[in-house]
């Protein structure tokens, strides 16, 4: 498959169109955009059939992307607003798949001790779990409450166990009707780091974005629907360089200092060539912004608030 | 059953003997002591039959107690020595139950965000897991290495799921030959807080010591042998008061200020009466020493080192 | 001086009265109480002259105690309400000492790595500092804003430097008009752990409550007024036992099982005798409730919110 | 001054030579290299006079750079070895400036809550402070011990106070003979992130590498000698792109796909042009590798061990 270097369906669609110099939408894929306000934009990409699947290498289903601008300087009210928009989208996906009181299990993927990978475990900490109250202390909770449970199973490198194996075990024992997984993703754009949320009703392949693919967590492997909430927190150096090179040539063009060679480079997607140049020098680092602690903190607040509202 | 307020077999035996004013050993229970050096002492209590079981309310099996003095001011060398003594005892228990290359799953119970309850998750972080290397990268590891995996499943209050349900699920999926659980315990003595390690080959009932009993994790519920490594980190106020009252009356006696009333109080175990006096006033707090962070850090180093050596 | 084992003026007054079997108020001391609601109560103790000073061993000045019930199960609204009451009291003290735009330095005492001692550093993290914005980016802030700065200087054991020496150095260099110090205290009552706030306009002697006295931080040593905000987070075992012993004898009395010996013990304050019995056995531990992480988190939110409002 | 985007004297010298197409050493600057083993290399740059100062914009003095390869996969023995090499260099600088028992104050700059900026505070935590023991409990310490104290004063953004103001205050009060500051730096090379230590006997300008210059901490401002230990933990995107662009053109050249335009770009230093292209698009992020938590942990161990040995 084409190496898309991003887990966002939205970005893959753009890349596919650029590579194939398409103006119109890709057959088998539909897209709609909604601008909530100057800080929040929502894009809904639907992959309708196998043709769409093959084009961008993602399974059929709905992929909603919520972009929030300048998350590092966001106010508490803006966090609240972003959470509300996100809650609405999550709720729509949940209502589409299960009933109001169906049991939901939330799984926060990632390593709590690696800052850019800690989003999943951090969100899980703020989920209001109710399953045990409904079972053991039903008098303390609204009788219409939905049973919610939440775990952070750790990562293969520190547990020695595939995440899927742990999740499968829990699913078989507690039999939820829906799984929601939260994971850190890789993106094709530095700007999207911790400022974009993707909601997909198709499950997830943990680590896919960082070339460290693990077993798929999806309806196929677990037998229940899986909503995946992903937030880009890292990019490859080759991605950064690819974007920056375009900006540099654009500047040359504006200053009339460009030429055919450079113009042609700009027309193409140079990611793969850059990657091939960087890898032999051990230079294709995965990077994250200096402010990642703050970004992850704000983003985990938004996602946890949104999920608690949606439940 | 009698309310023993302690998870340590060693302490329960002492309490039973005191209550029943026995001089000799309890029928069905044997005990041996080994003094390693001035800081380390090992006590091995074996419950041999149902009579022993009923006396102290613990299942048949071996209970090894390792006491380490003044853990808060321990040196690196003393940590190393305590780890070696502990490793020897753990290894003896493991060798008794499984073969050299049999798969072991380590489970760190407790809530990582509650200092006196964080011992299990902290130990798990320092376990050298090998299962994934043996499966995916066998060329990087000694071919005789034992597959070890490790998880910290969280607690019912934050996951909404019984620990046993999570552990069962994982055990069914990865099929280890032996489970080792690490948990914080309650003790009958303030002095033992984070300075005693109990190794039992009988499994564990999480939260038992703090009156918050969860489902048993044992061969009976999981189908594989379970070694439980427990460290006391908290005591009830009633326990502290009971111990202190004896010391106070002892002082009165030495100063010839005691009398029959007080002497009789000292003869008895007053724990239950103290507890009954404290509970209506919401005063039977569970407490932990001010230095608990340091104690937990030192103890988790000792236990993790010991386990890595034993594997 | 009498060993009062508590840093709270309110508790010392009660102890002094009990010891001296006084019914009326101590000469030189006035007290008033205000009940805010069922969860919040405020007591204002004023030491008016040297007679009052000598009675309870605290310098002349105002000591406001805010008691908040069951802080471990407090809701967000109750936190907000407690913060508002506290803010009002802090603001009254500040307005009494300096003008609206006078520079304030906040100092969070204590060791960030020792849970029951981390309150000061945790509060400092949530103080909205403005001094640097007013100096370097005045266009981004209301021109009437008060310059606020905040430091957590660490403790003697980890810095090797007396806290007073660090604070003196900073005060001499940045010349604030008022210092506010936040510190963890010792209390005479288990119930008050992390549920009481004392605001005193007399400065503080760090570590005083735990028998580890450091140099005084006050107008006398620094030349500017010092407001001390203290929260009890620990108690001595002797204090716990002393309180519990009274409850135990009370129970005996109710059950008509008491006698003269016990009744006499209850009349007295037995703290010192208990302490003397415990110390030779290394048993006078300083303890804190198991839930201290949660209590400190809630309390630091209340204090930081209150201070930000008061500024 | 020329915008060198790096705090390392070693890198500035290379950049100056590249810009001026010099083959020989810069007048006023001497350099020597020492290869310790396959993982450790030491470079000693000395700026001897004003000519050298002006060339690379750093004050006269000694700059020792210790490069440690692949710090993310380092073993405990390699950490020990790197610490020993570093200790030797630090000790040589200390012995050059003060006597054996002269008082040293260690200052860890940076924000403990921002992963790539937390190196200073993390190192301070592991410094063995002795000043208070020598003053208050001399019987517990070797009489030849050197008084060492250590503080982490926080950053302007969270304290509201210039670091220099805090440090000045402490220096005036405790009067050390030597100051050692530890800070995170910016580098001109992604490879050097958390794998290089610079030791300079010339003091430091905090935040200089990230375009956020604070007041100088040096003999000039404090009146005592200042050794600065700096570790690069971040780079600008423009730096990454500049390095990567060279690697990309090199690849084109090897494949005979380059041309004059590209060859000329490679000859030059394109950092400033790239930066100018990125800034208008808000794209010149400061980045850090995904593994920064692990890198900072290993590096802080090395530096703290080295300092404790050197004292």
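As written, the chains take the letters A, B, C and D, and residue 1 is the first residue of each chain.
FYI, a contact is a pair of C-beta atoms (placed from the backbone, for glycine too) under 8 Å apart; a residue touches a chain by one contact, two chains touch by 3 or more.
Bear in mind the structure is a predicted one, so any value in this text is a computation, not a measurement.
Undergrad: So, comparing C-alpha centroids, which chain is the farthest one from subunit C?
TA: A
Undergrad: Rounded to a whole Å, what is the gap between the Cα centroids of subunit A and subunit B?
TA: The mean C-alpha positions of subunit A and subunit B differ by 42 Å.
Undergrad: How far is the middle of subunit B from the middle of subunit C, if each middle is the mean of its Cα atoms, in Å?
TA: 36
Undergrad: Take the average of all CA coordinates in subunit A, do the same for subunit C, and state the distance between these two points in whole angstrom.
TA: 46
Undergrad: Could you check subunit C for residues that touch two or more other chains and list them?
TA: Touching at least two other chains: 113.
Undergrad: Does the chain-touch network form a line, ring, star, complete graph or other?
TA: Graph shape, chains as nodes and touching pairs as edges: a ring.
Undergrad: Of all possible chain pairs, which ones touch?
TA: Here the touching pairs of chains are A-B, A-D, B-C, C-D.
Undergrad: Which residues of subunit C touch subunit B once you look at their complex with the stated criterion?
TA: Going through subunit C, the ones touching subunit B are 113-117, 190-191, 210, 234, 237-238, 240-241, 243-245, 247-248, 250-251, 259, 261-262, 270, 273-274, 276-278, 281-283, 285-294.
Undergrad: Provide the residue numbers of subunit C that touch subunit D in the complex, in ascending order.
TA: It comes out as residues 113, 125, 129-133, 147-154, 156-162, 165-166, 168-174.
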